[in-house]
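Here chain A shows up in two complexes: once beside chain B, once beside chain C.
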Partner chain A sequence: MVSLPPVLLIAFPLFFAFLAPLINMVSKKAVKYYTMAVLLLNTAISLIIFLNVLEHGVIYEELSGFYPPVGILLSVGYLGAILALLINALAPIVYLSYFGDAENSVKFSMIYMLVTASSTGIVITGDLFNMFVFFEITAVGSYGLVASMRTKKAYEGAFKYIVLGTIGSSFILLGIATIYGYLKTLNFYDIAARINTMPESARLMSFIFLIIGIGVEAELFPLNGWVPDAYEGASNRVAAFFSLGPSKAGIYAIARLLFTLVPLVKGFNLAMLLGLLTLVIGELAALRQKDPKRMLAYSSIGQMGLILVAFSMHSALAFTAAIFLMVSHALAKSLLFLGTRGYKEGVLRNPWVAGPIFIGVLSIIGMPPFPGFWGKWYLLVNMAQRGFWAVILLIIFAAIVEGVYYARFLHRGTEGEESKVLTRSEIAAITILALILVLVGMFPQYLYTPAVKAAAALMGGGP
Partner chain B sequence: MTYELLVPIFIMSSALIAIGLYAVMSKKNILKIILAADIVETGVNILIVAMGYLPGGTAPIENGNYPLYVDPVPQALVLTAIVIGVSVTALALAVAMGYYRKTGTIELDKEGVMKW
Partner chain C sequence: MRKAIAIIISVAVFVILAYFFVTSSAPINYTTGGDYVNPINDHQANQSVPQQYLNDSRKDTGSQNVVTAIVVEYRGFDTLGEVTVLFTAATGLAILLGEYKRRIEKAVEPNFVTQVATVIILPFIVIVGAYIFIHGHLTPGGGFPGGAIIASGFLLLLLVETNRGLPEKKLSITESLAGMSYALIGLLGLVLANEFLENYLPTGIFGTVFSAGIIPLIYIAIGFKVGSELGGILHNIKGVHEE
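So, the complex of A and B:
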């Protein structure tokens, strides 16, 4: 089988994104097809890299001829390969929803490719500062995507996001500086090998700085004030893209921090607390919302909290559960955001819209046989084995709240006369997403095997 | 030895970070918030440059005559961070202009950026 260097995943879209204005000068219509071709090329590369990792294990790549710990290292482990494939396979599907639009913007297509590349960069890098730079590219691109609607709400959401994002990145830098000040290295595995030589207080300090900084992007309480406003101000397609790209990259960075960079018992306890707070507050806030986009945004926050709780269980089974939850969230939330553009009474009278949306909702609330069910099931089994009954009760409470507001949401869509809002290409996109959800749910073993390997690798402190 | 020299710098950068954070959380004027976020960044950058300092060290350019030079990595990091900071500030100002055009004011309504 051919093997490809992982740097292509970042280099290709970066290169082609900046060529897009030239294509636009030749033909305005071609930009859409051009962007789609680039995204599909990236899907193919990420699939090949995923299969390579499954077959031969971790891929390391030193960039520009400097060897670690001096040079920048890319390392694609099992978790990185799963998430890179997830991001790059779903990006073209969400982009498909733009094909029905009359006008299209070259700026939008450029930023879309850039954010895809940088989100992928976060999950495949092996260098702390490199990760920071990719975080910033993702964040700056995301600010632009939110503001691109040019409404008052869009500007307000984008501004909140910019300010919290800037503060977050300052905290990431503080964390990096603390670690660098003691260890004089930025390489993940060099840090992991020597982190125990740092005094406990310094380790805790760098952990807190980093979790504050990354928590902004990973939508953790209390740093997620931007989430509902930015999601509300952004277009539905941008919100769909956020739930598969930047938020997944953010939660990956949290896993990397917890398991590889600064593994601390106190860190896991803090993450458990933050996760439960994020989950319960997110779900309760979602219950109060009338606007479907805001409701989905708060529901996203709740889901991220649940994923963080699964990480902080510090066990292989719970980590596998977290991977299922991430896949379910990326697929189902992008489906729901795409499917609820212009949501009003009667939208769900159309079976082609109702079918995928039902499937997405069922996966989010954890009904079998969808990936969300497998994630919650593995997680609850692991908690029951270890006697975390209070946490189980909280999770079940959150699931009930989730069920209530999603039932209300579906009920509203089925009332009244049939109304058509979505374009054909949007319906095609949500149908494909629903099909993937069904396939992953019916054949969980194809995700389970790499997920178990990823869990074992992270539990062992490796990539 | 280096540690004692750096104490005033640590105090200064912590003060800058604290002032910036306070202003971000308490102000409602968009320009003031952007300035405050910049102050936080400056505080962090000062801290990182100070981390690489060596007493008597020269600029990290290899020419053989000066065996003692300061750590170049923090300087490279700060250079990158400054460039990122400038572009984010420019973007924030562009968004502020858009907000002003839509609303005719540069005050955020509600309770500022930390409102959940």
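So, the complex of A and C:
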């Protein structure tokens, strides 16, 4: 089989995004087909890399041809390969929903390609500062995507995001500076090997700095004030894109921090606390929302909390559960955000809209046979085995709250006369997402095998 | 017709690039093979990374300026990312401001001295900027400061020419071409050498302009890109938008 260097996942979209303004000068209509072709090319590359990783194990790539701690290392492990495939396979599907629109500016398409590339970069890099650079591209691009709606709400959301995102970036930089000051290295595995030579206080400090910085992007509880406003202000498609790209990259970075960079018992306890707070507060806030987009945004926060709880269990089974939850969240949330554009009474009378939305809701609240069920099931089994009964009760409570507001949401859509809001390309996009959800749920073994390997690698401190 | 040409060009670019990279023998280091050694198991790990930069940069890159060697060679991928951050920010700003209809307000007529001085100074500003980014591997400075200096020339032009903006289309073409050439210089590394952004040109005589392999080429691309990008930002924030 062909083997491709993983750097192409980042270099190609960058090159083609720089080329896009020239294409726009030749023909304005060609831009969306061009962007679609670039995204599909990336999907193919990420699929090849995923298969390579399954066959041969971790791929390392020494950029600029220098030896790792001196040069930059890309390391695509199982987790990185799964998430890179997830982001790059779903980005063209969400982009498909733009095809019905007349308004589709070239600048938007450029930022879309760049944020896809940088989210992929976060999950495949093996270098701390390189990860920071990709976080910057993701954040700066996301501000632009939120503001691209040009409404007052969009500006409000984008401004809150800019303030929190900038403070978060500064904290990441402080954390990196602390680690570099002690260890004089930026390579993940070099840091992991020598982190114990740092004094306990310095380790704790760098952990806190990094979790504050990354937590902004990963939507963790005290740092997620931007989420509801930004998701409400952004267009539905941008919100859908956020739930598969930047938020997945953020939660991946949290896993990398917890397991590889600064593994601390206190860190796992803090993560458990933050995760439970994020879960319960997110779900309770979602219960009070009337606007469907705000409700979905708070529900996203709750899901992120659940994934963090699964990380902080520090066991292979719970980590596998977290991977299933990430896949379920990326698929189902982008489906729901796409499907609820202009949500009002009677939208769900149309079976082509109702079917995918029902499937998405069922996966989010954890009904079999969808990936969300497998995630929650593995997590609860692991907790029961280890006697975390209080946490189990909290998670079940959150699941009941989730069921209540999603039932209300569905009920509202089925009342009244049938109304048509979605374009044909949007319906095509949500149908494809629902099909993928069904396939992953029916055949979980194809995700389970690489997920267990990813969990084992992370537990061992590897890529 | 134009649409057909655009589609044909993009398909051709795709096919050529895809062919190049599938057939190129880019090596991949797997865990079992490859030359990746855990730094802890290796004697070189005793030498800290900053020390290694200072000791080996002349041998590795042929660049007289160690900072440039680090920025463009050792951590060149990060620099490509930083260029992209600037590009993304400029694009986001253009989404916010660029598509409004704008009215240029003639607030104050620029005085005679400014007008005449600008014509005299402008070529020198451009020459200084170009000098700084062409000599980035020899003297302090490089693509980013050089580009910023050229953009300050654009600012002066905007102050004098109150009626017109900058040639936005030309700036945009320059920006695209410069960004693409940076990415292409990196991608050629995969084909001609082994790795992305690896040096594949002779390093030349240490301390002369034609030395240090691909570093001057990358800095020239960055200089053009930063200059045209900042110029585009200045163009976008000029004027008052009308509803």
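One rule holds in what follows: the second predicted complex is superposed on the first by the 463 of 463 C-alpha atoms of A that agree within 3 Å, B and C clash if a C-alpha of one lies under 4 Å from a C-alpha of the other, contacts with A are read in each partner's own complex, and residues count from 1 in each chain.
Note that a contact is a pair of C-beta atoms (placed from the backbone, for glycine too) under 8 Å apart; a residue touches a chain by one contact, two chains touch by 3 or more.
Just so it is clear, the model here is predicted, and its values are computed rather than measured.
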| item | value |
| --- | --- |
| Three-chain arrangement built on chain A, chain B and chain C clash or fit | fit |
| Which of chain B and chain C A:315 touches, first, second, both or neither | neither |
| Partner chain(s) touched by A:140 [first = chain B, second = chain C, both, neither] | both |
| If touched residues of chain A are counted for chain B and for chain C, the larger one | C |
| Touched partner set for A:425, first chain B, second chain C, both or neither | neither |
| Which superposed partner A:129 touches (first chain B, second chain C, both, neither) | both |
| Which of chain B and chain C A:177 touches, first, second, both or neither | first |
| First (chain B), second (chain C), both or neither touched by A:29 | second |
| Partner chain in contact with A:225 - chain B first, chain C second, else both or neither | first |
| Once both complexes are placed on the shared chain, angle at chain A toward chain B and chain C, C-alpha, multiple of 10 degrees | 50 |
| Contacts of A:167 with chain B and chain C, given as first, second, both or neither | first |
| Minimum Cα separation, chain C to chain B, after superposition on A (Å) | 5 |
| Intersection of chain A interface sets (partners chain B, chain C) | 129, 133, 136, 140, 143-144, 147, 150, 184, 186 |
| Chain C to chain A touching residues, read off their complex | 2-3, 5-7, 9-10, 13-14, 17-18, 21-22, 26, 28-32, 34, 36, 38-40, 44-45, 48-50, 52-53, 56, 60, 73-78, 80-82, 84-85, 87-89, 91-96, 98-99, 169, 172-173, 175-177, 179-180, 183-184, 186-187, 189-190, 193-199 |
| Parts of chain B lying in touch with chain A, wherever the complex brings them together | 17, 21, 24, 30, 33-34, 37, 40-41, 43-45, 47-48, 51, 71, 73-74, 77, 80-81, 84-85, 87-88, 91-92, 94-96, 98-99, 102-103, 108, 113-116 |
| Footprint of chain B on chain A - complex, ascending | 129, 133, 136, 139-140, 143-144, 147, 150-152, 155-156, 158-160, 162-167, 169-170, 173-174, 176-177, 180-181, 184, 186, 222, 224-226, 285 |
| Residue ranges of chain A in contact with chain C within the complex | 2-5, 7-8, 11-12, 14-15, 17-23, 25-27, 29-30, 33-34, 37, 41, 52, 56-73, 105, 107-108, 110-111, 114, 118, 121, 129-130, 133-134, 136-137, 140-141, 143-144, 147-148, 150, 184-187, 189-190, 193-194 |
